[in-house]
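Have a look at the structure below, then the notes.
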Amino acid sequence: MNGLKMDTYVLELKNISKYFPGVKALEEVGFNLKKGEIHALVGENGAGKSTLIKIITGVLQPDEGEIFFHGEKIVFSDPTVAQKNLIAAIYQNPTCFPHLSVTENIFMGHPIVEPRTRRLLWNEMNAEAMRLLKTLGSELNPGSKMGDLSVAQQQMVEIAKALSLDARILIMDEPTAALTSRETEELYEITRTLRKKGTSVVFISHRFEDIYQIADRVTVLRDGKSVGTWNVSEISEGELIKAMVGREISQLFPKSEVPIGDEVLRVEGLSRVGYFADISFSLHEGEILGFSGLVGSGRSEVAQAIFGIHPYDGGKIFVRGKEVPIDSPWKAMEMGIGYLPEDRQLQGLVLPLTITDNITLSTLDRYARKGWLKSRAGHDISQKLFSLLKIKASSIFDKTYSLSGGNQQKVVVGKLLAGELRILIMDEPTKGVDVGAKSAIHKIMSDLAANGFALIMISSEMPEILGMSDSIVVMREGRITRTFSREEANQEKLLTAAVEVGR
Amino acid sequence: MESTKTSIIPGGLSLREVFLRWEWLLVGLIVGVSIVNGRLSPHFWDYAGLMDAMAVFLEKGFIVLPVAMILISGEIDISVSSIVALSSVLMALSFQAGLPMVLAICVAVAVGTACGAFNGFLITRIPGLSSVIVTLAANSLFRGIAYIVLGDRAVGGFPRWYSYLSWGYLGSSSIPFIILAFGIVAVFFGLVLHKTTFGRKVYAIGNNQVAARFSGIPVSRIKLILFTLAGVMSGLAAVFLTSKLGSSRPNVALGYELEVIAIAVLGGVSPAGGKGGIPGAILALILMRLLRYGLGLINVPGQVMLVVIGIILVLVVMLPNLIGSVRISRKRFG
Amino acid sequence: MNDSNHVSSVDFLKNLRGFRELGLVVFIVSISLLIGARNPRFLTWGNLHDMLLDTSILSILAIGMMLVLVTGGIDLSAESGIALTGMIVGLTLIRYPQIPAVLTLFMGMALGAGFGAITGAIVAGGRVIPIIATLGMMYVYRGLTFIVSGGRWVNAYEMPDDFKAMATGRLLGFSNLILIAIVVYIVFTYFINHTETGRQIFAVGSNREAARIIGIRTNRIIWLVYTLSGALYGLAGVMWIARYASAQSDSASGYVFTIVAACVLGGVAITGGVGSISGILLGSITIGIINNALPMIRVSPFWRTALTGAIILIAVIVNIAITRNIERKALLQRKI
Amino acid sequence: MLQKILIVILSCFLLIGMFSMSAYADEYVIALVVKNVGNPFFDAVARGGQDACDDLGHTLIFQGPPTPTVEGQIEIIENLIAQRVDAICVSANDYDALVPVMQRAMDAGILAISFDSGIHPDGRLLHINQADFELIGRLQVQAIAEMIDFEGEIAVLSAGATMTNQNIWIEWMQEELKEPEYENMELVTIVYGDDLRDKSYNEAMGLFKSYPDLRGIISPTTVGIGATGKAITDAGLIGQVQLTGLGLPSEMAEWIQNGACQAMFLWNPVDLGYLTTYVAGLLLDGEISGAVGEEFAAGRMGEKVVTEAEDGGIEVLLGPPFRFDASNIDEWKDVY
């Protein structure tokens, strides 16, 4: 028992270093966690946050340094050791089992069993899963298949799983990235409750909102080193940004005013059975049209229908006044429509390929004569975009999996730009992207609009929507509920339209 | 994403370099096997014999090429052997019915094309139908049709020149004609896969089909072409195989489907898609052939040969993993 | 939260997935009635029993294959594993005919588990892609079958009577082999649905990285499924030689395609994560019917191969059509 | 660890290879290429071949593909040509398909002989015929007719649909059945078990069900007759359905003793291998020329004569097939 060591930290990491071939992922990082505190861990992508977490959970082992658990030295040789010591983690991309039920996802690894025969007790587990989900305010059926759930719902299950472990240390890696504001509020509430019960929480986020709402202390990592730890009440947003990026970023949302030009895209009564219905809007040159609404309200589905990924079964699409039937992405791109997908790793990039291969992927036929590749032409274009977008990599021949999230996103944007497409649909363009890259992407979008491009931006982040859009469409359950101009929109109005209170 | 940041490889080996490494391994093995063979049997270094040995069942090689491409695109085709049988049988029948041999050969290729297109059509048009299931069933279906049309008969009596395809030599040299034919086709496939936009798209699909689709690549159409291509080449293989056998029966080319996949994978093609290339597949074909030839020359019984080939297949594929893990652990602790 | 609406439709869909198996049942019943109309003897108890008997070995093999497929692998070595264990047990019986028949079953399982463990070690430890590792081992085990037997067969007269009686004997009106299959099915139903390890197999197949992160020893699980597959083909190998009263070195050549077909028909996803005991049982029975019924309705032997292929293809397509139709209906009912 | 074991195994194989190579010093090398290895029939052939080589002082190479495919045989023959053997004696998997490669062998100055299952005269110098095709075909019909008193339905369960020998025998069976004494008998169907144990067994079971009045089965193939014997026993039809054909005594002992098969036929494979190799040796030594009508002493086989074959080539006939029944099976079951 640790009765004598009352003042020690629950968890203390000292001088942790971790090397990967050729890279120092962490260098003499120190980190500590008090009982019953919410400790935010921030830093740009690639700063080493994920590595640090993997070390705490035992997925990775440090090359140097020591870990103290309740004041005693401990070695987390594999994930089970951490689990036994009641350390649980909720990862950035929900690490779920898509083919299995919610109950199984919650209890995999620590099932409720009949003590003597070790038979799984399904009824007990289902009941417990139901109870846990209820405490989270979710009415998910524990028998549902995980793969059928939305990302936000999966996140809920992940949290329920952490609760079921009754963890003393809970690590949340960007838990709010996929959540809507209302869900985020719920998550804050749950986190505070946990704190009250004495659980220590490590909270990773890119959103300053999260940090200032719930965190007690904040540790900043930069380039694998810890910059420092502060009480949240003692550090301003500006100072925090400065600590993270090592420089000051003046403005996050630089959408410049440009004259709105001709109509380039008009959608009339678009519908797809089971997903959305009666969608109508129009888009003009130089305009950024924001699409707001809860996750699952059908925003992405509309975008993908316009891009030809999934067919629509009713309505019309007009490009520059001419009706065009769009049945494939190929056709959409022929019409000058481009789509930046929400999930850049799954939908946007072919990770094992190089930057140039990815940038030229959708326009391959242009760098070829009668099918034979002329690589030079492609390289030239890539090189140009590489410099233009300020992608951080040694060359255009780097593999995209080795890039940070923000730079990966820039490559996807580059692919879009290479296509010389004039109508761009961007689905969550800054999701999971660090502050620096986020501002860069916003700058690019603004420049594009200034050059007469027409943009649709789907985003779950209110400040982003409000800051960037010329006009805003709000969707709820597959239908457009309201359309706002830039001037009349505010956070409250958007939210009201998204949830439509009093339906 | 941050976690992938951790996997930066120093000096970033490009895919091409990795290919090269694998191919060098195969070249090394080929040299090794040749040396051992040469020591074991005095007949091994007989140039003409070696050429003839390379030509034995080279028609399998014709199928390896498109199958490698299908594997690279992340799909699989286990119906090729049956397509060979059906093409062969229908070619023989149409010849027997009075068609000139040249047209009968066209029939074989046409039948192969149709079978391949049938596979491709089902796989691309019915979402949820995987290539494993389709080609597994088509494997029975095509061979079954061959049995239906030919029953227990064999058809032969082809014109004399037709046997030249598999048995003839180039002029007075000792290079079999089929080696030249295969060489031409192999170069063509190598160029298509490695030097054209089509090939680039195949790799993109194999590495990430969703992203390929989101990038405007017509995934279905390319897969349809790939399966049709496998059919075309199976038809062509049927032409050469029938020439070799001098007659056709519904039970020719039994068991080719797995051998062909084994050779492609030995050549560095990953059944998971996105990896490998034509040069590797060709080297693997040569390696496999030399191995069987060498073992045959010293009269290793067929059953022992099975064991040896099985072990070598596993060992060769395991080798890079073992070397890799040794290197990593040395780096970590050394 | 606004989950409730979405969730109910999801649940609806989930329940309907069970209808995939219903589709198979409909297929089995209708084809049986069709064949019964052509040859009434097909629907007699005696024939149905024979059909189950035919299916017993296949259905046992299908369990092992399913476990492997669920982890995203495949075990091509199963077919030569059958021959090898059968041959070794057969040869042992020549030398020690006094071995009780029941013991041979366990002997086969132990041998098979040993072979499976080697295959599993190559896949899990050597990190060789399953299709190649098991293809290689398929050759190796087949070759070893020739080598251990020296090319000879084990003939009926060399096998002890009680061993042969095991395959022909009946208990409570059911052939012993059917009973063995039933026992295996009960054991594995329990294993898959009610033990932690059983569920971990599905977890590994569903998302290997996630399984590793929560502390499942994924390599051990992968090794385990090949070992279990081995134990089951070992058991099947003994049943095989008992049933046909002969151990040959080329036993079960090409049989692996039949096993995979049974699994695929039963709804096991080649990509891993999905598979159910009831599904593969129905899949095996469907294959059993095709094998058993076509000779009975005097289909020309030259037509059978093609028909088998066509039936598998049609069954799978019909199944997909039904599922899609149901899903579409569910979508139509969704309120927008 | 595993690797070490594998390396040891590998080097063992290489040693075997060296060993077989060291035998090259002898005068002539005669190769016996059989349909497939792992078949006791051909093992007996090999024993006979070895005896003949011992008698004549030549070297024997025994080879065959693991599965009975013509592709496998072509590969083996190509390898034999490359190592310049002096004679190739082949039991063909296909009557036509080996002709080109055997012609190439002859071009290389190699003696080309077929035995057991012949090839077209264009591709051989001589065929060693185990027994007259006509005689074997007719004999089997006569035997089954006696067993069923010249009355009732009979069926044929053959090997693969493409097997040369079986197809010729079946033609002669049909010819024999045209004789008036068989007017009350009817050949209802020919089915194919592909020489696979499970398939042959299922085909036999299918016959019982689709032809309830079936009285007899002729199975002119060793796997088929063995599987049918087992099927008759399992179905409880001993005495009701009669069985004859060509089978191995070792395999058929059980079914002859229990009455499922009253009698069946086969020539002596040891003698067949002996005669084939002996004739090859004599031709190489120049002792005989291979002209029609030539008489010669074939070692322990006694006097033989070169005759014209049915297909236009020349052949040497081994002699009439041997009839196995309950009275003599015990002496033979351990021989082959």
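In order of appearance the chains are A, B, C and D, and numbering begins at 1 in each one.
Heads up, the rule we're going with is that contacts are C-beta pairs under 8 Å (C-beta built on N, C-alpha and C of every residue); 3 or more make two chains touch, one makes a residue touch a chain.
The structure presented is a predicted model; accordingly, all values stated were derived computationally and were not measured.
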Query: Which chains are shared contacts of subunit A and subunit C?
result: B
Message: Relative to subunit C, which chain's C-alpha centre is the most remote?
response: A
Message: I'd like the Å distance between the centres of subunit A and subunit B, where a centre is the mean of that chain's Cα atoms.
response: 43
Message: Can you compute the centre-to-centre distance for subunit A and subunit D, using the mean CA position of each chain? Integer Å is fine.
response: 71
Subunit B-subunit C separation of Cα centroids, rounded to whole Å: 29
Rounded Å distance between subunit B and subunit D, as computed from the means of their C-alpha atoms: 34
Query: Multi-chain contacts in subunit D: which residues touch at least two other chains?
result: 37-38, 66-67, 161
- prompt: Can you list the subunit C residues in contact with two or more other chains?
  reply: 122, 126, 142-143, 145-146, 151, 249, 302
- request: State which pairs of chains touch, listing all of them.
  value: A-B, A-C, B-C, B-D, C-D
Query: What part of subunit D is in contact with subunit C in the complex they form?
result: 2, 36-40, 42-43, 66-67, 161, 189-192, 196-198, 201-203, 205-207, 209-210, 212, 223, 226-227, 229-230, 233-234, 248, 250-251, 253-255, 257, 333
- prompt: Can you name the residues of subunit C that touch subunit D in the complex?
  reply: 39, 41-42, 47, 50, 54, 118, 121-122, 125-126, 142-143, 145-146, 149-153, 155-157, 168, 240, 243-246, 248-253, 255, 291-292, 294-298, 301-302
- request: Write out the stretch or stretches of subunit C touching subunit A in their complex.
  value: 1-7, 10-11, 13-14, 193-196, 199-200, 202-203, 205-207, 209-216, 273-274, 328, 330-332, 334-336
Query: Can you list the subunit C residues touching subunit B in their complex?
result: 76, 122, 126-129, 131-133, 135-147, 151, 249, 254, 257, 260-261, 264, 270-271, 302-310, 312-313, 316-317, 320, 323-324
- line: Residue positions on subunit B within touch of subunit C in the complex are 122, 126, 128-130, 132-134, 136-145, 147-148, 151-152, 255, 258, 261-262, 265-266, 270-272, 301-314, 317-318, 321-322
